[in-house]
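Here the chain labels run A, B, C and D in written order, and each chain numbers its own residues starting at 1.
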Amino acid sequence: MKLDTLVRFQNMDRRWIFLGMGLAIFLPMMFPITLPFKVDERVQALYDAVEEVPNGSTVFISADFGPSSRPELEPYFRATLHHLFRKDIKIVSATLWPSAPPLVVPIYEELAERYGKEYGRDWCFLGYKDGKELAIKSIGENIPNAFPKDHVGTPVGELEVMRGYQQAKDFPLIINVSGGAPGTREYVLQIQGQYDLKIASATTAVSGPDYIPFYKAGQLVGLAAGMPGSAHYEKLVFPDGPPEGVRLLATQAYNVLNVGHAFIILLIVAGNLAFFVTRRAEEQEA
Amino acid sequence: MSGIEIAGAWLSIFLTLCVLSFLYDDNPIYKLAEHIFLGVSIGYGVIEIYFGVFKPNLLDKLIDGTTAQQVLAVVPLVMIACLFAKLDKKRAWLARFPIAFIVAAFAGVKLTGQLNANLMTQVAESIPNIPEVWAEYGLWSWEADGAGVLSSIFLVIGLSACLLHFYFSAPQSKTMQKISRFGVLVLMLSFGASFGYTVMGRISLAIGRAQEMLGLDRPPEEVAVIHPKMATLICLVIVIGFLIAWRKRQGDGHEPAN
Amino acid sequence: MKRLLAPLLGLLLSLVAAPTLAATTLTATSPADSSGENLDIAWESSDAPAGWAVLRAKGAAAAAEDTWTVLKLLAPDARKLSDKVTTDVWTDPPADAYRYELIALSTVPDLQDVEDATALVRASGSVAATATGSPEGSWFRTGLALKNYGPMLMLLIILAVAGMMWKFTEDVRAGKEVFIRRIPGIDAIEEGIGRATEMGKPILYVPGIEELQDIQTIASMLILGQVAEKVAEYQSDIIVSCRVPIVREVADEVVRSGYFQAGYPEAYNPRNTRFVSSEQFAFCAGTNGFIYREQPATNIYLGRFFAESLILAETGFVNKSIQIAGTAEATQLPFFVASCDYTLIGEELFAVSAYLSRDPRLVSSLKASDWIKVFVVASILIGTVLATFGVPLVINLFSISGG
Amino acid sequence: MRSTLPLILTFVVGLFMVGEFFIPHWRYHMWTQVFLEWGFILAAAAYVLGLVNLVQVNLPKVINKEQDWPYKLIMLAAIATMMIPGFIGGETRLQDGQMYKWLFDFVFVPLDATMFALLAFYIASAAFRAFRARNLEATVLLAAAILVMLARVPIGENLPIIGTKLVQFMNWIMDVPNTAARRAIFIGSALGAVATGLRIILGIERSHLGTDG
């Protein structure tokens, strides 16, 4: 191979890379491949934390994700609702993201119906609260004050599921489905330590490494990060495959990721090989 | 499914492809999508902030709040008036009061917030209990992802080295240079790992878009009326056709930025 | 006396309450370092009812117009409850005292859509114990009750930094020199401004995408002041692209004052300090547009960034701009490191304004943080040694909890 | 007065808010809460100024028919198209059948998500360009990235012999060196925040308050 070609390869028009990436995503979606995988310890811890919640008690879900983080987090969100409703655990939920309500309410309604859960008694959604960290502080201190009404305007005093749940520490477990900020970091920093809360987090692949120190320090009881986190959780909730009418989107996408990753790794390796060959040649010339 | 929703689904696929055309180059069809996006998002932001903050926290309190709330709401009203004084050059200096207020209030509350969460807690968590780690994992345990005394010590030393790398007010001695270099290596290890970890999330986003374009995210009965694959194909032809025509009009002399 | 009273009291109780419930005791105590809105309710019991219910009423003594609220229904094995006595201190400030009733339920009632929950709960069981408690607000948080010295140490650190800033400033005034290590990323900012001037192209400044309440945004505003001053000196242009309107207003003030400091107040064009869009990716698309169409020679990204970091930096790279980034947002640092010419990591961002200005008072604050840094490193190392020998002193020193 | 009063205000408000942490009493917190709420209202009101700025920047371009003016016109029209149904819809604006909701679902959401999805492509090109083993630091960066990328997907996990070790080693990197680096960044930023906060409260940094006397 000519040296010149290698140099040009190193500085190639990045649109070739874009094209390759596009194919690496598109092709495996058309022609799926499936590989087995093991469940991560942090996701297992998250699952166990939910298992430890006694049947019939109530957990708090802060559903803080939007359209952009939806592909990664919706599968987890669905899986955990299956898990909770199946275990007869009640849910009080709210969000700190303005774009979340139109996304999460239909999912709640769909799965509540599937498991025969009644709004107000078995679950409720308090809607969106502005103020980021401040809103989290008030969830820690005073939920009825932060959310005087639910998302359809019912005063929270009239929601039976809310009785006795005035502040974050009343809940045996808080699940934060976190697409970014405000999210798990803010929950941990603002109120976890202050009230000694049990918080579990499902987050995007990007935020994952940021939250691992929290998990290590015991500030989080479990952590599912990105598409693998969601796929692992799906595997834990449905070990024998999905029931009728349920699609495991994360498990499907997890396999597409294989090819995308392989493509980037190959690119980097090829780039470095070319780099070494040309550098050696330059050194010899000099 | 109503006709307007089907139209919406097609429009959304078309706009998706318009944005993706930016990968080829900045072009009129992308610019169109960009400016629609800007406009819609600004309108959205204004509406949501009005109904989310302005109305409940100010207007509602002024109109039907208790007396205490009404009195308290006057203060931000005055500050808003001062802020708007910016529009008049002669009185622009009045805006310094609300700016001073807001910067000071947030700086004050963040000062303790950061100190508490990012310094105190992190330091307290960084001190390992070595006898306990030894009893549980020994020197190094593969099963527990490398937990053990070695890792505990690495953590303490790595953290210290990274912190000392950020020491600004003394010339670096030979030893300090070595410590600092080690700190940088730990930082790079972390950055590389985070990068690799993130790749997945980013590809996931593109998968999400592809799932919509292929109609994989919808129940079959909706797919039957929307025909997302057909929509994708038609829009793709339109966008590519437009790009070719546009490139021709630009002439061959134009070298696209890559 | 006590010996005499106890059996008497027992006799009295056995007359009033059912004999099996005599073993239940209820307490309502105010937690340490509390805001005065909370009471910790706890009970001990050898009973095994179907469940517990806790009721609350205001005031220390019973009154005719008492209103009891059902706080919560709890599982048989529950033994405590943390009660928040008010949800709005403005309309319902905490009372001096509250009374509680613990009800041992024989059946667990369904309170959904029930008008008078108190009556239903009372009818579903019997009162097992009562207690009175006074919420006491604390005017100073010490953390000592829980052996957490964190709050005290925090106060000490704040005072120490302030004190050192004053001391080092005095030192500088007295002629002592303060050394600041070279930080290449910050030097690059000045070079970048010079380069843009030579090329006759503008400089793009993005102060992150966070709200003004973020300390990184505030730090970025302070840097912007220094940068604008330099830009004005060079008679170049600076475009500031903002996601948050209030940040734009502050940026406007900051850039204007930078131009004023440099002696060219009339050269400032407020239209170059722009509000783009409050939505993250729309902001990103708009800023991309600036990079593509106004061709800045130098892009400066300082503040808190999220996913848009890589889109901006890659667009800037294609545009062949010199790029300097700085953030304390750890998730985005890898992308800036990969795509920008210089990256300021974490704390370096907060050092920029001091470094650029060389104002002794600002520089002294860098030196003060350095001392705290040494203290932190020493604490971690000593703490590790001490903890190995079973002494958790340093851990307690940094622990903060309760509230 | 024009420059001293804002400094006094800064000092008093800043100190009061620092007290928020140290004084837990509700009688104190009811005021810190009010102060922060005022801050949020003020930030919200600034949207009006943001709109004014947008019009000031873009309208002259449309009137003078400067480069790209049709796009600027489209943008201004799009702002109105979103705002009018938003105000008309009021509290019900996000319910099905509202124009505001339709625009949100079919214009805003796909554009937002696709803009974000561009990252999948950019991350590939950035990795290709930046990850060259030029020196030790760059090599560490690139090795860690490749290792994690490989171990994160089933391909890596299913590699013969080294698969399991690979995943364990990746977890070690995330747990140990990554935690060390992140904590250092957190701690450093906290120190920076304290210094910056104090400089503002004590009036040493004042560029945000203007200087023209």
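By our rule, contacts are C-beta pairs under 8 Å (C-beta built on N, C-alpha and C of every residue); 3 or more make two chains touch, one makes a residue touch a chain.
Keep in mind the model is a prediction, meaning the values are calculated, not measured.
By the document's definition of touch, common neighbours of chain A and chain D comprise B, C.
Counting C-beta pairs in contact, the pair that comes out ahead of the other among B-C and C-D is C-D.
Using mean Cα coordinates as chain centres, the one most removed from chain A is C. Put simply, the C-alpha centre of chain B and that of chain C have 18 angstrom between them. Averaged Cα coordinates give chain C a centre that lies 16 Å from the centre of chain D. Averaging Cα coordinates per chain places chain B and chain D 5 Å apart.
Averaged Cα coordinates give chain A a centre that lies 23 Å from the centre of chain C. Touching of two or more other chains is recorded for residues 23, 31, 34, 37-38, 40-42, 44-46, 49, 53, 83, 86, 96, 99, 102-103, 106-107, 109-119, 121-123, 125-126, 145, 159, 163, 166, 187, 190-195, 197-200, 202-203, 205-206, 208, 258 of chain B.
Listed for chain D are residues 18, 21-22, 36, 39-40, 42-43, 46-51, 54, 68, 104-105, 108-109, 111-113, 115-116, 118-123, 125, 127, 129, 131, 141-142, 145-146, 149, 152-153, 171, 174-175, 178-179, 181-189, 191, 193-194, 196-198, 200, 208-210, 212, each touching two or more other chains. Counting partner chains per residue, chain A shows two or more touched chains at residues 14, 18, 21, 25, 41, 68, 70, 130, 133, 193, 206, 209-210, 213, 216, 228, 257, 260-261, 264. Looking at the complex, you find that chain C touches chain A at residues 35, 37, 54, 70-75, 81-84, 87-88, 111-113, 117, 210-211, 213, 280-281, 306-307, 318, 330-331, 400-403. By the touch criterion stated above, chain D contacts chain C in their complex at residues 18, 21-30, 39, 42-43, 46-51, 53-54, 56-57, 67-68, 108, 111-112, 115-116, 118-119, 122-123, 125-127, 129-131, 141, 181-182, 184-189, 191-200, 202, 204-205, 207-212.
On chain D, the positions that touch chain A within their shared complex are 36, 40, 94, 101, 104-105, 109, 112-113, 116, 120-121, 123-125, 127-129, 131-133, 142, 145-146, 149-150, 152-155, 157-158, 167, 171, 174-175, 178-179, 182-183. Listing the residues of chain C that touch chain D in their complex gives 33-37, 89-90, 93-94, 137-141, 151, 154-155, 157-158, 161-162, 165, 211-213, 215-216, 218-219, 221-222, 224-226, 244-246, 248-250, 253-254, 256-258, 260-261, 265, 270-271, 273-275, 278-282, 284-285, 293, 307, 310-311, 313-314, 317, 328, 330, 333, 335, 337-339, 345-347, 349-351, 353, 359, 361-362, 365-366, 368-369, 372-373, 376, 403.
Note for the complex: chain A touches chain C at residues 14, 54, 56-57, 68, 118, 120-121, 132-133, 141-142, 144-145, 160, 163-167, 169-170, 180-181, 193-196, 206-207, 209-210.
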